[in-house]
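Per-chain residue numbering starts at 1, and chain names A, B, C, D, E, F, G and H are given in the order in which the chains are listed.
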């Protein structure tokens, strides 16, 4: 069975590449989707729509352009993997988890044990908590095996 | 027109009381709902279901008991107000924002200007951003006036 | 059978009052909902959230505060009456008609014969076209009679 | 990621062609859908179903035949671009915006700054406001880039 | 448990009154809804909206006014009872059965054994087939008993 | 734009073939779906599941096996064409019309003018009424033209 | 906050009464719903609709009459409590758990530790697992406290 | 017409292979999906996510990983076949039947006559009851024939 998997969350490490190459090595029939992960491009996604004097509206326009992509990606996925790192607020990752939960879209979280407590509501609605990208690949292998 | 409003997010300041009393002073016909805001009760919500040796499962059980209440509250509300403070991860607040967004449930955010940037995705799907509880009460007055 | 009816559209004539008083004279069990129909209040609905230098964002904020009220009103109605006058663009009225159509919420239009042609798509999805408020009251009498 | 984009609204200028050829020049993987944009064909879409003595019913029949196409197009799209010109009522364009909003289908508007005010409710529910077809192509490039 | 029951279909016998009075005699907590069952009123429901030269459009307008009432009634019911007699086409009754089936709204049919065969698709999606109004009352008693 | 069209209703004349061959002659990109139109096969669709002494249950089992096919066909179509002849009850055709109406699935009816009155509720929710298969093909040509 | 709670499953012990009286002693604002729990009445729920020679169809008719009540009860509840005993197949209890899961309706299970393994899929989608009715009452107290 | 069929339930006999090979011999255009049917793999599906001291949580984790696969399979199927054997609790099979029922996903049951009574609620919502895999293949042949 083929799966479409959306990779959501943290953009500062290469976890997406690890999962993609792990899946490829196992020969899995998976299409991966992702937000734009280049921080500067993402923050500037709405800049070509006209300059803003207020940072609120500049952020607002970029966030909405990104949301076109994100919303379509989540809705066309069979599974979402959401990565939380230790730095930054990452409220967009938690926002996407809530979005999945309300849609009944299965998601799994990927994070270290030191942030279990603040993520308890996010983990409570997840189908699994993984600590390593290897574990994620293992899940993908299992759910797609014929 | 009567409204049901769910107050979500930060539990360390008295912003809920400010909104409730502001609405009462204006004589608004609003029913307010809220998660349990006592931090210790909330964290222990699942403890009576049996002890756990792992903190992950203890948190997990409590988070799910809380989610029964939260989910019902969000779904029966006409509007959700989500407060972000400056401290803590508050991923549950962002999670509830995403949940609202996917349901098409209108929400407004309440936070200071210093966290505009990390909240840009959350604000992008909101109906308004307020900085003070007075502004929230003003919105409630407007949307319920006959 | 009681009905909730949302009165949408043109705000420059007293058509809402005519329908309300017609229904009252017939003793109908109807709750009427409406957007804020005072043009200045409506345009300023977001002003207390902070000044904007750009008229786009000022309008944007007010439109969103109004949308909280509008969305809740439409979704809690059994029937929507949408009035189109001859002046102004009234794109918000057509927008609300499309919103109803997608939800499967029954609506009727109220307009003169001179704007039949530009309203053809809006009328095509309506349950009735009325030219006078008396006709609207007649429909309300019929659909609620015991 | 491939996208399906429905081009809605004004039919008197060549904005659809500009977007299509812009996307083609950038090599984007996009399927474009559109209503029938020939004004006479569109107005006569129901004529073969029998003559009508009243212009209301002639318009009604054509509008419904067009709606078969429109509804299917909107529902199978990932994104809708809605163009408003300065002439004509264009209530069908605003109607389609409302339809998208109720479905949670992302849309962007394309219009000049002189009609910001009457479009404020339509823009409030949009993911972006563009003034030029180049800006639209830029958004399409961003949301589909791998 | 209180129930709302919509009585759909045949209008030439007093089956609705039999069910209503049977329920009353048993003291059941049931609200009954119904289309307008006076054949002439129902056929003329749209006449006040203006005369039509074609019988198709006269019927069309009345049918849509009736549909406002019918749709709201079905959607607010917990159970629908659909009566088929031996005379007339009664396509509206079968139409309402299909409407219920698609919504997942439980319905029961009420008809004699001589029309089992043509009603097989309608009965296949029903929760019960009753031959008498007494049997219907028996079901209502059972499903609402405390 | 490709369309999937489900052909529902009367099985005693060759209207399905006329539409199929008309569409083929016009080179339309349409996939046609249909119930099993052989009357005997359709009535016996459940017979292999075991004999029944009662004709009600024999019909019941066959109707449900047919419904598996019908439901999937309707839900995967973009448009449904529903044919009513002058003979027989054809309650299944009206049932499928109601099913479409509740799903918001566009349908058109195909019938002669002598049954306008009993079909008024079914026509009221249709996107068009056609009297001939040529008219249906014309609509298909229009809604799929590039 | 008031809650409606549906009590599903095992009918041979007095667990429903224990929860009802526990909630009453705590003064909770809860409406309890339940299937008919008298085994003989439940099995005979369709008998008045006519005798059947086959036990399959007798069961079938009764099960469907019961389903009218069950479906309405589940859909109008905020929370479902599902009790599994050690005896009997209790497939209806597991069926109702699956029904809740697909609707996104929160449910909690009530069963002893000796049937953890066969219930693992049912528990995996539950919001909590309770072993005693006291624990259930504790949860109800928590989720409804003001 | 091609169909996707999910094979749910009992894993101790070769009924899946019988259906698959029967469909193949008839040349049917069917894609079959299934849970992982190796009992040990299935029970260990979450083991690589870390050891658990409690059997409840070990089961819980595996059941959730399996649910990712199951949920996607059910939702992408046109028809579900659910097999109940005579041994074991098989609550997951009844759970999946309830899940289908709530989604309006057609399913058929496959079981012997000796378990008619405990399966009556499950059968009441099914489209057919088959006793042999040959009967299932017969249904698949019928619903997909061109």
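Rule of thumb we're sticking to: contacts are C-beta pairs under 8 Å (C-beta built on N, C-alpha and C of every residue); 3 or more make two chains touch, one makes a residue touch a chain.
Note that the coordinates shown come from a computational prediction; the quantities given were computed from them, not determined experimentally.
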Separation of subunit G from subunit B in steps, with touching chains one step apart: 1
Interface residue overlap between copies subunit A and subunit H, same or different (over half shared): different
Distance between the centres, which are taken as Cα means, of subunit D and subunit A, whole angstrom: 31
Where subunit A and subunit G are represented by their mean Cα positions, the distance between them in whole Å: 37
Intercentroid distance (Cα basis), subunit B paired with subunit A, Å: 23
For subunit C, residues that touch 2 or more chains besides their own: 64, 67, 129
Complex contacts: residues of subunit B adjacent to subunit A: 55-56, 59-60, 62-64, 66-67, 84, 88-103, 113, 115-125, 129
Complex interface listing, subunit G residues touching subunit E: 33, 36, 41, 45-46, 48-50, 61, 64-65, 67-69, 71-73
Contact set on subunit C toward subunit E in their complex: 1, 3, 78-79, 106, 108, 127-131, 135, 138-139, 142-145
